[in-house]
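What follows is a pair of complexes built around chain A, which joins chain B in one and chain C in the other.
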Partner chain A sequence: MSLMPYAFGGLAAVVLLGSFFAASSQNLVRSVLWLGAALIGTAGLFALLNAPFLAGIQLILYTGGIITLMLFGVMLTDREHAVTRQNPSLNPLAALMVAGTFFALLATAIMNTELPVHMKDLNGGTQAVGFNLLQEHLLAFEALSFLLLAAMVGAIVLARRRDAE
Partner chain B sequence: MIPTLQSYLLLGSGIFCLGLFAALSRRNAVGLLVGIELMANGVNLNLVAFSRFTGLVDYQVFALFSIALTVAEVVVGLAIVILIFRHHRSIDTDLVSEFEG
Partner chain C sequence: MTDIMDQLLNHPLGRGVLLGGVLVGLMMGVGAFSTYLERKFAGRIQNRLGPTIVGPFGLFQVIADGIKMLRKEIIIPRAADPVLFLLAPIVAVTLTLASAAVIPFAEGMEPVVTSVGLLWLLAFSGLLVFPVWWAGWASNNKYALFGSMRAVAQGVSYEIPLVMAALVPVILAGSLDFGAIVAAQKGGAWFIWSNPVGAIAFIIFFLASLAEANRIPFDIPEAESELIAGPSVEYTGILWGMFPLAEYIHTFIASAVASLMFFGGWLGPGPDGLHWMALKTGALYLAVYWLRWSLVRFRSDQLMRFCWHWLVPISLALIVIATLWVHAGFGGSA
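For the complex of A and B:
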C-alpha cells in the first residue's frame, strides 16, 4: 500500500509524457509509438485501480492491435513524407488555446465537486464484471458484437481495390 | 498519501486535452486518429477511477464498451484514410475539403 503513490506518480508521468509527445511529435511514426507508451501506462493505471481485466484488454487490444494498425496506416499512406519530412501543424496556437481553456474548465469543475474520498472494493472483481456484462448489459453486448461485425465489413468494403473487379 | 479520485480525474482530463490539441492541430489524418485515441483513453481512465471509488462494476463494463467502440472506430477511420489516399495521393486534411456538407 505504501508504494501506491510512487506507482501512481511514475505511471502518471509515463502517460502524460507519452500523450504530450504523441500530440506534439513532428514524426508520425514516433507519434504513434509515443501513443503506445501512453496506452501501456494507462494499462498500468487500470491495474493499480484494481481492474486487471481491463488492464489486460487494454494491453491486448490497444498496444497489440491498434498501434500495429496505425503504423500500417502511416506507412501505407504517406510514402516517405511522414517518416522523413516534417508534419507541420494546422494552427497550433488556436488549438492550444481551445485545449487549455477546456482543461481549465474541467479542472475547476473537478476541484469544486464533492467526490467520494475512500476507495470501495468491488464484490467479486473480474467475476463481477463478467456477470454484469452478460446479465444486466446483455443487449448492449449483443449490439456491440453486431457493431463490430458491421465495422469489419465496412472496413473491408471501403479499403478494397475497385480496379480488381 | 494514497492518490485521490481528484488526481485520477485531473490526469484523465489532462490526457483528454492533449488528445484534443492533437486532433485540432494535426494536418495528417492519421495524426488526427492518434488524437482521438488519446481522448478516448482519458475518458476510459476516468471511468475506471470512478469504478474504484464508488465500488460499482457498471463503470468498468462501460469502459469495456468504450474500448471496443474506439477500436471499431479506428478500423473504419483507417479504411477511410486509405481510401482518401488512393483518390488524392495524400491524406492532408486541408486537401480533402470536398467532404464539406
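For the complex of A and C:
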C-alpha cells in the first residue's frame, strides 16, 4: 500500500486552504501566516516529488522570506487596528482578470508539458539543480543575480537619502 | 518479535510513528533533563550546590518542576489573539523536533533518510524565528513585541553566517548529506583541523547557532532586566514551559550538528559509534552552559554590528578559501 495519494492529498489541502485563507483573512498577520503554511505545503510537495533539495530551498527562501514580509507589513502599517482588520479587495474585477490570465497561462503550460510517468525519472536533486543553474542556464542565473544586486543597491540608496535630509 | 519490528520499520507509516516516537521521547527527555543540568552546572560555577533536596542529588527536581508547570493555570490575556497565542509555543516545539529528524546519531541511525539532511536542518531551524515572533505579536504586549522584533532581527541576521559557516564542511566534503560529511572526516581528519578554515568556521557556526537559539550571550530578545522576558512574558504554565524546552532542544541539536560537521560525529579513536557522538555532543552542550554562565549579555546594536561587520565577511572569506583548498586537490570527494 502506498501512502503517496494520502500524502499528496494532505499537502494539496494545506496549500489550497493556506492560499485561500491568506487571501480572505481580515487580519494581516494571520493572512501572512496562512501564506507561510501554503509555502510549507509546497515544500512538502517538492519533497514528495523526489526533489529534497528544492524542498529545503523552498523552506529557507520562500517560507523564511515570509517573516521579513510580515515585519514590513507590521512596520509599514502605522496603527495596530490597521494590522488587525484591514485587508480589503480594492478592485475585484481587475483581480479576477489577473488571476484568470495567470491560471490560463499555468494551465496551458501544465497541459503542454509531458509529465514523466515514473517517480524515479524525476530528478530535483542537488546535482541536477546545480548543473541546471551553473552550466545550462549560467547566463540567466548571472543576469538574475545582477538584477538582485542592483535592487539591493537601489534599496540602500533609497534608505540613505532619508538620512541626508 | 524481530519480524514484527521489521514489518513495522518497512512500512512508511509504521516507521514514521515508531522512529518519530523514539525521537520525540529522546528529545523531550534531553529538554527536561537540561533544566536540571543547567541549574546544577550554574550552581557549581557560582560556588553553589544547585538543586539537592528532591530525590538523590536533586534529580527529581525535573519531575517536580514538570508537575508544577502542568498544574498552573493557562491564562490567555483578553486583548491577545487567542489562536495564535496558543499555537506559537506548540509550533516552536514542533519545528525544533522536526529539525532533529534528519540527524544521524551514529552511522545510518537517522530517522529520516535524505541526501540533503543539512539543508533540511537549516531550513527547519531557520523557521524557528516564526513562532517566537508571532508569540510576541499575539500577546499584544509592548514588551513582548519589542522582544520579538529583536528576535527576528537577530535570527534573520545570524542565519546568514550560520548557513555560510555550515557551507564550509559541505564544500570540503562535497555533499549535503551528514553521512557523507562524516565519512569525509575518516582517519582523524576532522574538519576542525584538517584544513585552514575549519576552526574559524566552527566558531562562527557555534556562535551563530547560539544566537539562533537565543542563548546568553545572545539572549537579547528575552533580556529580563529590560524587557521582562520578551515574547514569553504573557505566557503561563506549560505553554511558557514550551519555549525554554524548544530552546534547550535546539541548542542540543546545534551541538549535535557541530560535532557531526567539525568533529567527525561518530568517528573516533578506537571503535566508532554512538558513544563518540554522545560524548562530543555532550561536551559541546556543556560548553554552551559554560559560556552562558561566564559571559554577560550583548547590547542589541553590538550584537548586530558583530554579525554584519565581522561574522558575515569572515564567513564569506572562509567559503572562498575552502573552495580554493578543495580545488587545489586537498580533501573533498566531489
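Operating definition for what follows: the second predicted complex is superposed on the first by the 114 of 165 C-alpha atoms of A that agree within 3 Å, B and C clash if a C-alpha of one lies under 4 Å from a C-alpha of the other, contacts with A are read in each partner's own complex, and residues count from 1 in each chain.
Keep this in mind: contacts are C-beta pairs under 8 Å (C-beta built on N, C-alpha and C of every residue); 3 or more make two chains touch, one makes a residue touch a chain.
Predicted, not measured: the structure shown is a model, and the values here were computed from it.
> Does chain C touch more residues of chain A than chain B does, or is it the other way round?
B
> Does chain B (first) or chain C (second) touch A:Gly64, or do both, or does neither?
So A:Gly64 only meets chain C here.
> In the superposed arrangement, which partner chain does A:Ser31 touch: chain B (first), chain C (second), both, or neither?
First partner only.
> If we overlay the two complexes on their shared chain A, which of chain B and chain C does A:Leu39 touch? Say first, second, both or neither.
A:Leu39 sits against chain B, while chain C stays out of touch.
> Taking the superposition as given, does A:Leu139 touch the first partner, chain B, the second, chain C, both, or neither?
neither
> Kindly classify A:Phe102 by the partners it touches after superposition: chain B alone (first), chain C alone (second), both, or neither?
After superposing on A, A:Phe102 lies in contact with chain B but is clear of chain C.
> Could you say whether A:Leu3 touches chain B, chain C, both of them, or neither, answering first, second, both or neither?
In the superposition, A:Leu3 contacts chain C only.
> Check the residue A:Phe53 against both partner chains and state whether it touches chain B (first), chain C (second), both, or neither.
both
> Go through chain A and flag every residue that touches chain B in one model and chain C in the other.
Correct list for chain A: 53, 57, 66, 70, 74.
> Inside the complex, what are the residues of chain A that reach chain C?
3, 27, 29-30, 33, 36, 43, 52-53, 55-57, 59-60, 63-64, 66-68, 70-71, 74, 125-126
> Give the list of chain A residues in touch with chain B in this complex.
Chain A residues touching chain B: 1, 4-5, 8, 12, 15-16, 19-20, 22-24, 28, 31-32, 35, 38-39, 42, 45-46, 49-51, 53-54, 57-58, 61-62, 65-66, 69-70, 72-74, 76-78, 82, 87-92, 94-96, 98-100, 102-103, 106-107, 110-111, 115-124, 128-129, 132-133, 136-137, 140, 144, 147-148, 151-152, 154-156, 158-159.
> Which bits of chain C are touching chain A when the two form their complex?
Within the complex, chain C touches chain A at residues 12-13, 81, 83-84, 114-116, 119-120, 122-124, 126-127, 129-130, 133-134, 137-138, 149, 152, 155-156, 159, 163, 176.
> Which residues of chain B touch chain A in the complex?
So the residues of chain B in touch with chain A come to 1-11, 13-22, 24-31, 33-35, 37-38, 41, 44-45, 48-49, 51-58, 60-61, 63-65, 67-69, 71-76, 78-83, 85, 91, 93-94.
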